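Each structure below appears as structure tokens.
You will see subunit A twice below: alongside subunit B first, and alongside subunit C after that.
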Partner chain A sequence: MTHDHIELSLEQSLDHCIKCNICTAACPVSAVTDLFPGPKYVGPQGQRFRMPGQPSPDESVDYCSGCRVCNEVCPTGVRVMELNTRAKAAIVEQNGLPLRAWLLGYQYWFGKLACGPLAPLANFGASNPLLRTVVERTVKIGRKAPLPKFSTYSFRSWFKQRTKSQASKTAAVPDGSQSTAPGSRKQVVYFHGCSTNYYEPHVGQAAVEVLERNGFEVIVAKQGCCGLPLLSNGAFKQARSHHEYNVEQLLPYAQRGIPIIGTSTSCTLTIKEEASELLGMHETAVRMVAENTYDIFEFLRLLHDRGELNTDFKPVQRSMPYHAPCQLRAHNLGRPALDILELVPGLQLSESTAACCGLAGTYGYKAEKYQIAMDVGAGLFDFVRASGSDTAVCDSEICRWQIAHGSGLEVKHPIEILREAYG
Partner chain B sequence: MRTIDTDVLVIGGGATGVGVLRDLALRGIRAALVEKGDLTHGTTGRYHGLLHSGGRYVVKDKQSASECAVENEILRRIMPHCLEDTGGFFVVTPADDEAYVPLFLKGCQETGVSVHEIAVREALRREPLLNPRISRAFEVRDGSADSFLATHSNAEDAVRHGAQVLTYHVVTGLERTGDRVTGAVCEDMRSGETVHIHTSYIVNAAGAWAGKIAELAGVKVTVVPGKGTMVAMNHRVLNTVVNRCKPPADGDIIVPIHTVAVIGTTDVHVPDPDVFGIEAWEVERMLSEGEQLVPGISKARVLRAWAGVRPLYKDQDVADDRDIPRTYKLLDHEARDGVKGMISMVGGKWTTYRMMAQEATDAVAAKLGIQAECRTHLEPLPIPAGAERKAGLYWLGKPLAAIEADSSYGHLICECELVTRERVVDAITSGKAANIDDIRRDTRLGMGPCQGGFCTYRAAALWHELKPATPPANDPPHGHAGNSVALLRHFLQERWKGLTVIAWGDQLRQARLDEIIYLDTLGLDLLPAPAPAEQNGAEMVTAHPAIATEYHAA
Partner chain C sequence: MRDTIVIGAGLSGLMGALALADAGRRPLVLAKGQGAMQWAAGTIDVWGAANGSLRAALGELITTDPGHPYARAGAAGVEAAIDRFRALMESARYPYVGSLERNVLLPTALGALRPAAFFPATMAAGDMRLGGAAHAGPPLLLAGFHELRDFFPPMAAENLTGQGIPARGVYLTLPPIARRLDFNTRVFAQLFDDPAFREDVGRQLRAARGDATRIGLPAVLGLRDPLGAVAHLQALSGAQIFEIPTLPPSVPGMRLFTIFREAIVKAGGRLQIGAEVLRGEGADGALTAVYSAAAAREQTHRANLFLLATGGVAGGGVRTDHTGSTWETALGLPLQAPGGRGEWFAPRFLNEAGHPIYRAGIATNPQLQPLDAAGAVVYRNVAVSGAALAGSDPIRERCYSGMALATGWRAGQILSSEL
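For the complex of A and B:
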């Protein structure tokens, strides 16, 4: 087995642990439950007792939500979350993927089936307490967990329709081919992800409009699920094929230097590093796509740094609470949404200091973890409620659903606010 | 003064001594054992933990090879809970001469050491970090052994069969009546009390110290203390014992044992088994030779370095200490020196301890006119209470699986090695442990990456809580608190001495954190207790010159 430096640094990170317990002190999950003994215990400490080919000795690692707070606070650079997620994958490899993890990992199939004309029916089912109780009893998906509403139309269908109606423009057909007509206009590829496509097409619409306001031609490339729900459920083999597919679709754009931009912080993080690190995929193509992928506000901030951002904003006289999701913090970019939104006259955003909303991808959907997720998020819910605003702002869709569920506020993606500012 | 009467006195609480004690007890012979420290305090507790297949000796030391091959199978049967079946490889690295291979294979055949060649590809599949440039790989029945647990299991069975075990009893003299040894005078190092032991027979199983014991009887036994330095890596770099296929030399073996991988070992003659240090070149040699087996290993985190002294018996001139056979020798002092009532069992390996014990016990039984047959190869050893390992061979994840099974992770005293509060409390209240280092030998407390950083103060606090009612005999300054602080200091000192020669990289960072915890946060150097150096043979710690080792640089 050959090791490149990324893989090596993951392995060596076990050696860097000096047992200081800072990760455990900062862990939002172990703070609210005794069921999770903490990131150090299941991470570098447990790792010393794991051996390939032997039974997985621990089940408690399943209570790690994968929020990555441990990675952020570790003073010696231990990749605790990666160790934990790999340990979960070893359990899946040993025991197989449970039905629930399968359902959560492949949830985009529900989007595919229910988004569109069937959405009202599906939403009725998804919000029906009786049905939810049955689901909780059978597959242990929490009956109170905040399921998103299916949209009556998909983002892709909206975009296709719009492209057709704008036939005068030279927009590329979103078929993933390399045939985008060369022109003087700057191009970007938009990676919408499953949530925008099936649940929140308005986020994608806002993104497209903002990018166009800045003179970009937006290409919606062929794409699949980024694979994060599978990764966090330990289904590495399945996640690998998703990542391979996306890399294949996005590579031609990356090769031509066309930026790949996403509004879902978790999708972009997965493409940037999470998939490649967890799956040990460090091929040139994977890296090239990763290096060309940006969170939308990261991209807008780059534009601003170069003096190319359209700052023709109308005043927005509002003050709102903002939560930077774990997945965004893992990008190590600071708070690009705050940096850009503070350019909008009149807009006041107050940032939360909460570690995590608690939902952490599919974690909070699991019945036995629902209350843990709510307890983890409690501080954040209090913070947004105390703001007095009726709207909160957060970059990640899952976190938005959880904050809305926990606080009763409407929660928007910052790109929606920015679009508003463009008038 | 106390007096003890017994039929046989065994001197030395290592593998051999305790093995002899069990054998005597199983044969119904009244026996007692004295050990100047804790059980396994000497060489048994300081070796790399290899259960020999015998492969290492097949060319130059055929008798040892055969003995190991035979005993390996017996130990697997009688003490599975102390062994891990890691399997072993002998590999030919680019630095090794392939001409050794036919000698090796012929030797295996002659000595009954089971061996078969496997494809290099297969060896690399099983051990991905192994040097990909090895040209051949041979599989043998090596394993790893928990010598602490094995010794305790033997002792427990011996006690169950009526034997006595007296730890922290140092032999200060042997009594002779004419040409017969009739007893021993010991000092109980914890109380300072003198203990007379009257016995018909003495088995000198003091290992590297056997020469010193023989001297007390006026008999000359030349034991060459051969110091072997070992280096433990932070985690299991390999899961199979890997040997270089070449004549034994420094740093040619890596043994995965519990959570660590141990690179061994040097062989340096030292004048006194009580006084030796570890030198930088030895650590450097282990790591640079280790590179031949696992490229990059010298860059990985080293946990600790330590040394043990081999009890090599020298009965003829050999050029090099490494040429002294590893086989054992029974010295009948009556036939050899005209001194009755004592035999010495010298040399040997941990793997052959049971065979040595059998031979020694056969000799004693013959002297005493007792007919009973040896049964130690037939009857499995008991698992000491409190050891969470259940029946069956040990495997790496077993301790973690046990903690998970009852969710006792909230009660860990030593986090690195998963030692629960319950086990530490048992060790303290059972009265078997005289200090925290003794608890370590029972539980692995403090043996993980942080080397006592987070568990020492917890263990000392438990000790302080649990032992207030029994003030030590020679009342130390500051009473009970002073005692607890002395225990804490002693254990830290014991852990830190293993770090001094490997203080770089991640382990230096760790040591710095530990230093901050104990000196800056807890102000340990300001606490009211005498520093270990000023303690007058403190009853709980091993500053006593008779059992203090590695304190002085050579």
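For the complex of A and C:
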């Protein structure tokens, strides 16, 4: 194993632990289940028992959801979540990737197959209780867990159509990619990720339109899954090849200083930090792409800081609850969506203080963790329901599905609300 | 986007943010992590070293030691800060009692006696000066659970008895609804939020009470409505109930943080926890921006006014290394500190005059603006507060939290109206 500086800082961060248990008191998972003793124990403490070349001593670390609440509150900066995720990967290396982790890790293949004309059939299957029970029995994917609905069209097909209909005006861009609003001086690359492409193309449509309203030509580059579901299931080898592919596709833009913008806080986090840190990839190309990648509201907030944001907003007379997903919090950027949406006259967003929605990537899909995820999210569901609004707002797709599942409300990406405000 | 930034989310930074919010600013609070609040007892120790009136002791200190942080806050400032703090806690149904007339003595989890000026009403019946000088009243009862680590009622009771305060310690049986493998203070606090759990505990307390009129329990009696929980337990047990601070993580600290956060957010402020400030950037004697650690690149925060409340060595605001050099972590401000390691400590551990290193910190002028070694203001739009300040020995003076409140409040006011 290479002893890069991240590795070293992880090892050292273990020694920064003063055993105060503030993380354990904040961990949303250990609060609701006995199966997980909490961050201090499986993190800095457990790490002392993990020896290179020795069999993994871990069982309970698998119950860490990866939400990073521990990292956020630790007064001494111990990176507990990274320690946990690496310990999970060691188990996978030892025992192989179980079928379920494979299915969850490669979920985008289902999107490829089922998005489009076959969507109604696939959705019927996904919502069929009998089928879901069979799936739960065989591969242990929770029968009630909130699977998203496949879209009848993909984001990329929508974008292609749109580009075609604007064909006379289309600019030439590197091969395999498409772009809009030609003639504009300013360009951005949009990283849509799997979920926007196959499940929620409307999020991508809103993003493209908002960026265009701000005078940008939007390029939809060739891209693959960011690999996060593989990473969080400990499939590090497979995740690495995904990240390598994306870096290769995105590097030419990064080299030209063209910002890469995503609407999925998990995809952007993976590209910015998660993949390189967990996999120890610190090549210049990887870093360059990371440094050029932005969450869409982070990007809009930077525009606003420079006085370049189009703030020609129509009033939106609504009050809605907002939840900042863990993956956004891990960007350590505060609440960029709130910062921008508070510029919209009439709009009131109230932020939840709940630690986590519970689902945490693919965690809540696992049959034995479904109830834990629902218990973790209970406080958030209550908050959202108590708001009296029929819509909630959240930046991450997985959280949106979980909140909708747990609360019964419709849940939107903040970019959809901003799109609305541009009239 | 926000013109006022507070660095640090300990008692001082949060109090400063509240003052700024009260003045109509919408502060952004940046902090690396939780402050020392979750490590501390949740009492407000204004001047634990005072034997008589704290007000008189503070008055004297302010005239004789103008460089002391309390002198920067001023006598009126200290009182105003405490009033505002108490009003906030009152409005959150978590009132603080006490006064600047005298310290009370509250028991620790080990049965030692600790002076405090203000404390949550849930701890009030634990004042060990109650019950007459000779402690003529019936013995106290201290109760806990085997499942709660680091809280041993029989040992605490024995230590109190040894100091002339008769006490008895018992363990309660955890109600079956609460069975778990592992417990921490927060888990217990959540259990005490549940009336059914309290019913069971209350019945056990009544049975164990004997002739005791006061019962001490670990400070885990609920997060949602601790005052209500105490009242409920009193009704059930027939005795006065008081909380005894535990080892970290501190439930009273969690309550404080939640109350502050809600008030600051409600007033339009925002908290960004997990954001370590790495450096600042200034021009023409003013700080123009600070940079915090974020994924892939630093985040830039531009503002007009800054409050620095990053705490001392414990809070992470001050670092040292093996060479004995010391520095302030967020802005790299110069510290007023003993030259080398050799000068850090006085000869004896329990030295009357304290150890020089404990007085280290950022030197300021009366406006709490940071000064360099030559005594010149480093940034005119920055105020410093809390444990980061030089000029006091908070361990010996037992004034950490009082000083954090008073200077945080004062710094917020200076920033919003005087700078």
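Throughout what follows, the second predicted complex is superposed on the first by the 401 of 423 C-alpha atoms of A that agree within 3 Å, B and C clash if a C-alpha of one lies under 4 Å from a C-alpha of the other, contacts with A are read in each partner's own complex, and residues count from 1 in each chain.
Keep this in mind: contacts are C-beta pairs under 8 Å (C-beta built on N, C-alpha and C of every residue); 3 or more make two chains touch, one makes a residue touch a chain.
Treat the numbers as computed from the prediction; the structure is a model and nothing was measured.
Participant: Taking the superposition on A as described, I'd like to know which of subunit B and subunit C A:Pro37 touches: first, second, both or neither.
Facilitator: A:Pro37 contacts both subunit B and subunit C.
Participant: Using the touch definition from the top, say if A:Arg419 reaches subunit B (first), subunit C (second), both or neither.
Facilitator: neither
Participant: Which partner does A:Gln12 contact after superposing on A: first (subunit B), second (subunit C), both, neither?
Facilitator: first
Participant: Check the residue A:Thr76 against both partner chains and state whether it touches subunit B (first), subunit C (second), both, or neither.
Facilitator: both
Participant: Would you check which partner chain A:Met51 touches, where first means subunit B only, second means subunit C only, and both and neither mean what they say?
Facilitator: Touch status of A:Met51: first partner only.
Participant: Does the superposition put A:Asn332 against subunit B (first), subunit C (second), both, or neither?
Facilitator: Second partner only, subunit C.
Participant: Given the touch rule stated above, what does A:Cys20 touch, subunit B (first), subunit C (second), both, or neither?
Facilitator: A:Cys20 sits against subunit B and subunit C alike.
Participant: Return first, second, both or neither, reflecting whether A:Leu269 touches subunit B, subunit C, both chains, or no partner chain.
Facilitator: second
Participant: With both complexes superposed on chain A, which partner does A:Glu59 reach: first (subunit B), second (subunit C), both or neither?
Facilitator: first
Participant: Give me the intersection of subunit A's contacts with subunit B and its contacts with subunit C, in residue numbers.
Facilitator: 20-21, 34, 37, 76
Participant: Subunit C touches which residues of subunit A in the complex?
Facilitator: 20-22, 24-26, 30-31, 34, 37-38, 71-77, 269, 272-273, 290-291, 293, 301, 304-305, 329-335, 338-339, 351, 353
Participant: Which of the residues in subunit C end up touching subunit A in this complex?
Facilitator: Listed in rising order, the residues are 1, 28, 32-36, 38-39, 180-182, 184-187, 190, 248-249, 254, 258, 261, 265, 270, 272-276, 292-297, 299-300, 302, 315-316.
Participant: What residues of subunit B sit close enough to touch subunit A in their complex?
Facilitator: Checking each residue of subunit B against subunit A gives 128, 234-236, 239, 259, 300-301, 395-401, 404, 407, 409-410, 412, 415-416, 418, 448-450, 453-454, 506, 509-510, 513.
Participant: For a test of understanding, state which residues of subunit A touch subunit B in their complex under the given definition.
Facilitator: Residues 1, 12, 14-21, 34-35, 37, 40-41, 45-60, 76 of subunit A touch subunit B in their complex.
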